[in-house]
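The chains carry the letters A, B, C and D, assigned in the order they are written, with residues numbered from 1 in each.
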Amino acid sequence: MSMSIAVAGASGYAGGEILRLLLGHPRVASGEVTIGALTAGGNAGTLLGAHQPHLFPLADRVLADTTAEVLAGHDVVFLALPHGTSGPIADALPPSTLVIDCGADFRLSDAQEWTRFYGTPHAGTWPYGLPEIPGNRDVLSGATRIAVPGCYPTVSILSLLPAVTARVVESAVTVVAVSGTSGAGRSTRIDLLASEVIGSARAYGVAGAHRHNPEIAQALSAAAGEPVSVSFTPVLVPMARGILATCTARTSATADEVRAIYEKAYGDEPFVHLLPDDRLPTTGSVIGSNSAALSVSVDERAQTLVVVGAIDNLTKGTGGAAVQSMNLAMGFAENEGLSTVGVAP
Amino acid sequence: MSMSIAVAGASGYAGGEILRLLLGHPRVASGEVTIGALTAGGNAGTLLGAHQPHLFPLADRVLADTTAEVLAGHDVVFLALPHGTSGPIADALPPSTLVIDCGADFRLSDAQEWTRFYGTPHAGTWPYGLPEIPGNRDVLSGATRIAVPGCYPTVSILSLLPAVTARVVESAVTVVAVSGTSGAGRSTRIDLLASEVIGSARAYGVAGAHRHNPEIAQALSAAAGEPVSVSFTPVLVPMARGILATCTARTSATADEVRAIYEKAYGDEPFVHLLPDDRLPTTGSVIGSNSAALSVSVDERAQTLVVVGAIDNLTKGTGGAAVQSMNLAMGFAENEGLSTVGVAP
Amino acid sequence: MSMSIAVAGASGYAGGEILRLLLGHPRVASGEVTIGALTAGGNAGTLLGAHQPHLFPLADRVLADTTAEVLAGHDVVFLALPHGTSGPIADALPPSTLVIDCGADFRLSDAQEWTRFYGTPHAGTWPYGLPEIPGNRDVLSGATRIAVPGCYPTVSILSLLPAVTARVVESAVTVVAVSGTSGAGRSTRIDLLASEVIGSARAYGVAGAHRHNPEIAQALSAAAGEPVSVSFTPVLVPMARGILATCTARTSATADEVRAIYEKAYGDEPFVHLLPDDRLPTTGSVIGSNSAALSVSVDERAQTLVVVGAIDNLTKGTGGAAVQSMNLAMGFAENEGLSTVGVAP
Amino acid sequence: MSMSIAVAGASGYAGGEILRLLLGHPRVASGEVTIGALTAGGNAGTLLGAHQPHLFPLADRVLADTTAEVLAGHDVVFLALPHGTSGPIADALPPSTLVIDCGADFRLSDAQEWTRFYGTPHAGTWPYGLPEIPGNRDVLSGATRIAVPGCYPTVSILSLLPAVTARVVESAVTVVAVSGTSGAGRSTRIDLLASEVIGSARAYGVAGAHRHNPEIAQALSAAAGEPVSVSFTPVLVPMARGILATCTARTSATADEVRAIYEKAYGDEPFVHLLPDDRLPTTGSVIGSNSAALSVSVDERAQTLVVVGAIDNLTKGTGGAAVQSMNLAMGFAENEGLSTVGVAP
C-alpha cells in the first residue's frame, strides 16, 4: 500500500517547492508514495495550475481548504502556512502522522523569545530539521514532528557552526545576508512589487528586529555552550531565489586552522560544499538544489573570520530541508529526490 | 570666453556619467562651459554614440586618443581611466589645469599601502573629493588636482564617519556592501556577463583583499585619531547601479545618542539624507542622483551600531562627486548640475 | 505671482514621475511655478516620503484627499488616477484650469470603443498629448484639457505613423511590445510581485484584448485615412521601466525609401531620435528621459517593414508627455524640464 | 559494460546544461552510462568547477582539449561548440558513434542558405532533433548523427507548426521572441555585460538578419508544402534563461477551429503543454524543464492567429533536446532524465 503525502499551503512558494521536489522524488515516480490532498487558504477551490504554472503534472488538482479534516489520513503532512497557524492543525493530527512544519511555530525553545518576536503564545518546540547539526540526524530519524529551519538561520548556522563550536571566534557574530524575494512569500505587499525590487537593494528588519535573529542565536549558543550575540541584517536584492550570507566574527585563528575545522565538520556532508580557497560561493550555483556552498577566509589584518554561505532559500532553506527531514524521519536515503546540482546560469 | 572641459575615458561608465551630468549642468546649457575633447583607449576613432547611446546630444562626437596633448588646453580635465594610468597624464598637464581623477591613483596617502594593493609605485596624494568630510570643502576650493573617492569608500565613510569621529564605536568596523555591476566598469569579464550576474549574488575580494579597504581605513582612522580596523566585504548583486552598505560596529551608546550625532553631522549637508527612524534606505531611491541616504540604528541586545547607507555608485560614487568637486574647485555653487532627486522606480 | 500646480495620485508611479520632472523644471527652480496640493486615495494623510523615497525635497509633504475641492485653485492640475475616475473631477474644475489627465478617460473619440474596452460610459474626448502627431502642437497650444496618451500607444504610434501616413505599408500592422512593470502601476497584484516577474517573461492581453489596442488603431487610422487593423501583444519582462516595441507591416518599399520618410517626419523633432542604420534602440538608453529612439529597417525577403521603438513608459510614455503638454499649453518652451539624456547604464 | 558519453564544450552554457541533465539521468545514476571526456577550447587544462560551479559532482574534472582523438572511443558525443566547428570533428568520429551537435552546422538542408547566413561552406544535413515534428521520431530512432535545433526555431516551430500544417494561416508569419542572455553563449561581449542588459531591452538581428531565420522558414515551409515567409525579430531582455515567442499570422479560422488543431497535434506530446484558454505561458514556468508551454488565440478583429510559446532556451531549446534526441537514438524512454517540471519562481 502506498504512502500518502498532503501539502498545506500548496499555492504558496514553499508549498510549490515541496511539490516540485516530490514530483521528482523516486518514491513518487515509482508509485510507492502518492501526493494526496493539496490545500490552501484563500485559493481553496481553484486549480493548482492557476498558481503553480510550472507543476504541469498537478495542474488540474483542485485546492482543498486547509483543515485538519482534509489533512488527516495522510502519512506525511507538510505545513507551508503563515507563521502562527500551524499549532492548532498539528494538534488535531494523529501523533503517528509525520508533520513537517515549514513555519516558525515550533523552532524556538525559549517561549519568551517566541512571544517577543512573534507576539503570540509559544506553541512548543519540535526537532529542528537541520540534519547538519551534529546529533540531529539521530533526533530526526523516526521523528513524527519536525520544524524546518528558517532560510536565513539555515545558511547562517551552516556558515558559523563549526567555528562557534570550536570556539575559535568571539561570541559575537555579524551576519549580513542578501536574499531574493521569494523568502517573503507570495504576499501582495507594495514593497515586494517588481517595480520596487528591480534595480534596488534595501535592508530591512535591522538592528535585531528580524524574527530569524533568535533562531540563529539559539543554534549558535547551543553549539558554543554560552550565549552568542548575533548582529543580523537581511538585505533584499533583485532576484527571486537565493541567499548569500556574509558571516564575520573576530578570531585569532589562522586561515589554515579554520579551514581544517570546516573540512572536518563538513567533509562527509552530502549537501554542504566547502569551496577551494580560490573560489567564492554564488547563489546562482545552488538554485533549485539542496546544496549549501561555503567559503572560509581569515582577514588577518582585521583579525576576522569571513565565511560566505550560499543556499537556495526555497530548497535547502525550506522545501529541500523539509524533504530531507522527511527522508530521515521515514528511513529513506537522506538525499532521495534532492539534487546537489542546481540550475545555472 | 567659455571654459572648456575634456573627459578622458568617455566611452566607459564613469566617463559616460560625467558627461550625462555635464549635459545637464546649467553652465553647459548656458554656453559658459563647453564640452571639449572626449578621449578613449581602444575605442578612439569611433563615435561616442556607439558606446553611450543615451547621450544623444553628443552622439556624433568622434573619440580622440587619450593623450596629454589632446587633453591639454582645456580648463578642466576629468580622468576616468583604469587605475594606475592617470599619473603620467596628470604630470604632463599644466599645474593650472583642474585635473579631477576618478581613478584610485592619488587617493591613498600611504605609499606602502598603495603598492600593497595596486602593485605599482605610488603616484602621490591629491585632495580627496569627499566634501562631506569636515574641513574638506576648504581644501577643495580652488584646488587644481582632486582625487575622487572610490564608490565603496564614499558610502562607507559617509555611513561611519560621525560615529567614528565621536568615538562612540569600537575602532573595528564591519562593512558588507552590495553593489550593482557598473562599479566594475565596462570590462569584458566572464563574471560580469548578464548570464552570470542575473539571478545570482556573490561576494568577492573578501577578507581584506579588496582595494577599497585601505581607502576606507585611511579616512576612518584619520577621523578617529587612531587606527580603525575595517572588515570589508563587497557583494555583487543583479542590478546595474547602486551600493547599499550595511555598516556595523560595537557601541555602548543609545540610539538617541547616535542619532543626535548624525543629525548634527549631516543637518546642513545638501546631499546626505538621514532618514526618519521608521525608514530604511534603498538604492532605488538614489539612482541617478547625487544623494546618499542613511539610516542609523542601535541593536541594543548585540550592542551594535547599524548604519545602512545607499548611494548610486556612478553618481555620488563617481561622476557626481567629480562634478561636485569641480564646482567647489571652480567656485560654482556646489550643487550645480547635481540633483538630489533620483529616477525611481 | 507664481503659478501653482497640483498632482492627484502623487503616491503612484505616474504621479511620482510628474513630480520628479517638476522638481527639475526651471520654472519650479526659479519659483515662478510652485508645487501645490499633492493628493492620494488610500494613502491620503501620510507623508509623500513614505511612498516616493526618491523625492527628498517633498518628503515631508502630507498627502491630501483627491477631491475637486483640494485641486481647485491651482493653475495646472495633473491627474494620475485609475482609469475611469478622472471624469467627475475634471468636470468640477474651472474650465480655465489646465487639466492634464494621465488616465485613459479622454483619449478615445469613439464612445463605443471606450465602452467596449473600459466598460463604463464615455467621458469625452480631449486634445491628445502627443505633440509629434502633425498638427497636434497647434491643438495643444493654449488647450485647457489634455489627455496624455497611453505608454504603448505612444511608442507604437511614433514607430508607425510616418509609414502609415505615407501609405507605404499595408493597413494591417503588428506590434509586439515588451514592457517593464511600472506601466501596470503600483498595484498589489500577485502577478506583479518581484518573485513572479524576475526571471520570467509573459504576454498578456493578447489577441486584441489590451485596452491600448483601440488607441493605437485610432491614431493610425486617422493618419492613414482608412481603418488600420492592429494586432497588438504586450509582453511583461523583468525590468521596472521601459518599452521596446517591434512594429511590423507588409511593405513593398525599399529601406531607403522608408528611411527618407522617417527622416523627413522626425528630422526636427526634439525628442524622437532616428538611429543610424547600424544601431538599434535599447530601452536602457532612454530611461528617465523624454526621448524616443527608433530604428527603421526593411526585411526584403519577407517584404516587411520593421520599426523598433524605445521609450521610458513613465517619462515619454506618461509623465514626460504630461509635462511636454503642459509646456505647450502654457506657452513655455516645449522641452523645459525635459531631458533627451537618460540615465544609463 | 557501461556506455560512455563525452561532452565537447563543457565549460559553456550548452555543455553545462547537457551535463546538468546527464547528472540527473537515471542511467547515469545507475552506472549504466558514464560521463567520460569533458573538453573545452581555451579552458582546456582547468577544472570544470571553475566554470560550472553548480556541477558539484564533476567539480574536479580536468577539461581536455576538444579534439577528435579525445572524443573518440565514447558511445555518445555531444558537441556544444561554436557554429562552424563541428564538421571536421564529426567527420573524424566513427560512423557508429552517436554524435549530437548543438551547433547550427548540420541543421539547414539548403547549402546556399547556410552560406548566406554563416559565410562558410555547408557541412551537410543531419536528422533534426525536434521529435515533435510529425515523423521525426522515426528518423531519430537509431540515428547516429543528430542536429539539435536552434532555440528560437524550437519555440517558433512548435508554436506555428500545427497551424501552418493545417494551412489555416497565410504563408507569411511574424515572430517576435524575447530571450534571456544565455542563448548568446558565454562570450565576452560588451553588449552581454550585466550592466548593459539589466534594466534594458533591445532587438537585434532584425529584418531577416538573424541566423535562425532560415531554420524557422525551412521547417514551416516543409510543413506547409509551400514557401512560408518569416519575419523574425529577437529581443534580448534582462533574464538569464527563457524564450517567449509571440507568433502571429493572418487567419480566417475561428479560435475554436485553431484550438482543435493544436489539441490534436499536441494531445499526446509529453513536453508540449497547450494551456487552457484563460492562461498564458510564462518563461518562468519552464525554467530548467524540457517543457514548452503554448497558448492559442485568435484576434477576430485583426483576423490574426496569436500563438505564444515559452521554453527554456538551454533545456528544451538546447540541452534537453539533445538528451531527448539521445534517448530516442539509443532506444531509451524519450523522457529519461528530462522533467516537465521547472524551477519556479
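The rule we apply is simple: contacts are C-beta pairs under 8 Å (C-beta built on N, C-alpha and C of every residue); 3 or more make two chains touch, one makes a residue touch a chain.
The shown structure was predicted, so the numbers you read here are calculated from the model rather than taken from an experiment.
Novice: Just to confirm, which listed pair, C-D, A-B or A-D, duplicates the contacts seen in B-C for more than half of them?
Specialist: Checked against B-C: the matching pair is A-D.
Novice: For subunit C versus subunit D, which are copies of one sequence, does the interface use mostly the same residue numbers on each side, meaning over half shared, or is it different?
Specialist: Homomeric contact, same residues on both sides for the most part.
Novice: Taking each chain's centre as the mean position of its Cα atoms, how many Å separate subunit C from subunit D?
Specialist: Chain centroid spacing, subunit C to subunit D, equals 38 Å.
Novice: Using the average of all C-alpha atoms in each chain as its centre, how far is it in Å between subunit A and subunit C?
Specialist: Each chain's C-alpha centroid was found; their separation is 44 Å.
Novice: Please list all residues of subunit C that touch 2 or more other chains.
Specialist: 13, 182, 195-196, 198-199, 238-241, 282, 284-285, 287, 344-345
Novice: Which residues of subunit C touch subunit A once you look at their complex with the stated criterion?
Specialist: 13, 180-182, 184, 186-190, 192-199, 238-240
Novice: Hey, which residues of subunit A end up touching subunit B in the complex?
Specialist: Listed in rising order, the residues of subunit A that touch subunit B are 172, 174, 176, 178, 195-196, 198-204, 206-208, 229-231, 233, 235, 237-242, 244, 246, 248, 250, 280-285, 287, 295, 297-304, 306, 308, 310, 344-345.
Novice: Enumerate the contact residues on subunit A facing subunit D in the complex.
Specialist: Touching subunit D from subunit A are residues 13, 16, 20, 23-24, 49-50, 52-57, 182, 198-199, 240-241, 273, 276, 279, 282, 284-289, 291, 293, 339-345.
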